[in-house]
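Okay, so here's the structure we're looking at.
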Amino acid sequence: MNSTKTSVIEELPMPSMNSAIVEFRGVSKWYGNVIGVNKLTLGIPAGVTGLLGPNGAGKSTFLQLATGQLRPSQGTVTVLGHRAWNNPGLNRFIGLCPEQDAFYEWMTGRQFIDMCAKLDGMSTREAADATAKVLDEVGMTEHADRAVGGYSKGMRQRTKIAQALVHDPLVLFLDEPLTGTDPLARRDLINIIRRLGASGKSVILSSHVLHEVESVTPHVVLINHGRLVAEGNVREIRDLIDAHPHRIAIKSENDRLLASKLVVFDDVVGVELVRAGGGILVETRSPDAFYSRLCSLALEHGTAIEQVESQDDNLDAVFRYLVNS
Amino acid sequence: MTPTTATTFELPVRLPRGFSFSACLTHFRVSVRQFVRGKRLLVLALIFAMPTGLAALARYYNKADARMVTQLEESMVFYMIPQALVPLTALILAGGMIRDEVEGQTITYLLIRPIPRPLLYLAKLLAAWVVAAGLTLVFTSTALIAIHWGEPDLWGTVIPGHALRVSALSALSLIVYISLFGGLSLIFRWILPLGVAYIVVFEGFCANIDFAVRRVTVLWYVRILAERWFGMHIDAWGIKLDEAPSATEALVTLATAALVMALGAALLFGTRELRVKTPDGS
Amino acid sequence: MPIFDQGYQHWQGAISGHGLRWLAITRQGVRQQLRRRRTKWLVSVAFVPAFMLAAFLVLWGLIEQNSTILQPIMGLLQSLPEEIRSGPKSYRTAIWTWAFNTLFDVSQFFVMLLVLAVGPDLISQDLRFNAIPLYLSRPIRRIDYYLGKLGVIGFFLAAVAIAPAVAAYVLGLAFSFDLGVLKDTWHLLVGSVAYGAIMVVSAGTLMLAISSLSRNSRLVGATWVGLWIMSNVTAGVLMTSVKQEWCPLFSYTTNFDRLRDELLDMPAAREKFLGLWKSGQNAAQEAVRPRFPFFRGRGRRPPPLSAGQTPPMLTTPVHLRFPLIWSVEVLGGLFVLSAWTLSTRVKSLDRLK
């Protein structure tokens, strides 16, 4: 396990499991013959939650249902205890950073966010103050007075997040906020999202970029084909997948000798030699027992361990397994 | 960074009552700015400038003809503007007022604001009407200037009198057309050809034949008001004042039609899903 | 790490010549348009005038044959002038010309509507969604792109204007049972195809040029409507107020009408009908002349017909009484302007955002 990762995750407030901020009860949504979400029942607690799924999984449909843009064909969607569809009063408390890259291109960033603030009901002075504050928060003060049409992708994403934040919502929905951004912009956006989570806002973040979701929150919701696949702490989800053996990569001074020692144990279901001195890949049903055994093996002659890495204790592995199963 | 404690709130949260008038006003202002930007305004201005250009040409070629002024006023101000330019302007503005936002994917920013959807629609409709009425006033005035150029009462009677009266009538017909085309644009994607067919066949043809069907055209009521209020009489209109509705009846009919269509469309907008296409094609 | 070419620019196999590359764009565009209900509906409705033309030509063919099939409607046919009943073949050319002219007159409305239906998206949507680099990064020249897009409009216009006219001609020929029809009316076939081709090129390039001016296809459509309707209104107003010979030129569709008039040789047909009408008038006047001996032999002839009494449909319409070359120049000028607009608006591999 990467110790740096652990400490980052532990910094963030863990979501409360008691009350759901967003609640889907038996929700289905179809477009003609195509199902967007399929009998989805789920409660998202306060805190930062990652919404994951492959293309066409229903993530955007989920977010549009939660933000009241779509009406559920079946079931009920409630956000902060109120019906989401066509409930303008609720919009005062939610913010959405939409997926589509669309603006009133002729406006400057400041004008655009100021307009959004005023559409949220703020007076001219309140809007100006809120705009300045949120521009500073997202790091766009320097570029705020240029037309949005001239912004880079990263600036546009920041501007979108800014318009979602300007009215200080309780819940923030971010639909693929990292798409199309360069690594630097992505890092900055992730830091912004972390700060939002740390400041007490509930954030629901939809993304394909799995390791970045993982770095923001351990609490994830996985959906596929419009259905809920898994929900909870990524490690807990992983632990529950008993049928799927854990894969552990080990490099030692003598890979073949270590492999021959490992195969005798019942919980080891497979050992693979990685080419060109890349170590061995072990599959085990009992990772805890395996790790405890590894220490004594490391002390034995000829099998000193140089490197150990768990390949499965990350979101990518969980995701691939669950989606493909 | 030291994490702060999570904000706590009780569920369900208390929702604000009513809506913000200033938010609606902001939406109205932004919509007006959208309508007067870019190529759309240029196209409308070019179309509306035609009567002025034609009037100038006609005056140039018929300097000695005294009847020319009456003929021009009749053809430009009482035919071309109310029968072609006004409905076409309404179609261009109202036909795209929601669809442009949907296709430009900016409708999302409006739908996630705490403004009731019907009010979003009505503010857009009002903005379209204001822009169209402004264009009509400006270009009706320029057309009348071109027609009456050189006359002594041009600035005393013609512009303040004729221009304002014609523009007022045009504004009234505009609100009806804009309500109609705005509502149709929510139902039909193909609003432009449909609107053209309506303007050419229904308003253009039916309004000019002495048959019951003319009573459902906007143009007929506008002409009745022109005759009753302002004494503008054109033989070709074929209006018999003793059989035609009174000015009040005509006004109430137009206002009711506009109100019903606008409110109906606003309610429809309030209940419709507006799906914005996302890159992954959902 | 080497960066390799994307697409098929590294393709080593055979690549076909440029001659038919535009066809791929046309095919895709046509398929896309045919998926829309409105296009299918419009094309179906646009065929109605062609069916009526075909039916009329078939009927005329049967009249020429003096066919017994026409027995049930013989009463109606009695109202035709005696000259036509006794020698229909001598009026064949005029009748066919008038019929084809009427078809194109009616179908012109549908042609303009079809251009409005299929045209605005062609380039404006490519500009909007930044798709032009996708085309031009392939071995496709700009001319291939234009021809491909023009082909989409051309397909539909040909479907409602050219193809029905040709099909109606063939049907009329078949029901005449007389190869002399071909000799008398071949100019209609050639004229119809030429007229259709001119409409495709002129209306097509103009629509493409307008489409390249904006990313908003609705605005493009509005501009087309403005051009079509307002140009007609403008010409009408000018003709009543300015009353100059050039006034009709302001109407875009009137220029097509003028060309069609020449291509189908309508003046000759009008001349033929005028002669028929005049002889009819003379016969009518003879019939009502008083039979008193007082007048017989006095040699008083009926007053000659004045030009003002001629029915308008038998003379060249007022709005077409200007030199043909003017219409050619107007349409040619519009074509040049459209081509120039296209060449400046669609640039190779531009960064369009």
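As written, the chain order gives the labels A, B and C, with residue 1 at the start of each chain.
The definition used in the following text is that contacts are C-beta pairs under 8 Å (C-beta built on N, C-alpha and C of every residue); 3 or more make two chains touch, one makes a residue touch a chain.
Not measured: the values here are computed from a predicted model.
Shared contact partners of subunit A and subunit B, listed by label: none present. Central chain (C-alpha centroid nearest the global protein C-alpha centroid): B.
In whole angstrom, the spacing between the mean C-alpha positions of subunit A and subunit B is 47.
Annotation: 60 Å between the Cα-based centres of subunit A and subunit C. Averaged Cα coordinates give subunit B a centre that lies 34 Å from the centre of subunit C. Residues of subunit B that touch subunit C in their complex: 39-40, 43, 46-47, 50, 54, 57-58, 61-62, 68, 71-72, 75-76, 80, 84, 88, 91-92, 95-96, 99-100, 190, 192-193, 196, 199-200. In the complex of the two chains, the subunit B residues touching subunit A come out as 1, 3-7, 9, 11-13, 15-17, 19-20, 22-23, 26-27, 30, 34, 37-38, 104-106, 108-117, 270-271, 273-280, 282.
By the touch rule above, subunit C contacts subunit B in their complex via residues 38, 113, 116-117, 213-214, 216, 218-219, 221-223, 225-226, 229-230, 233-234, 237-238, 240-244. Within the complex formed with subunit B, the residues of subunit A that make contact are 11-13, 16, 19, 21, 31, 36, 46-47, 55-56, 60-61, 67-71, 78, 80-82, 86-96, 98-100, 102-104, 106, 115-116, 118-121, 123, 163, 170, 194-195, 198-201.
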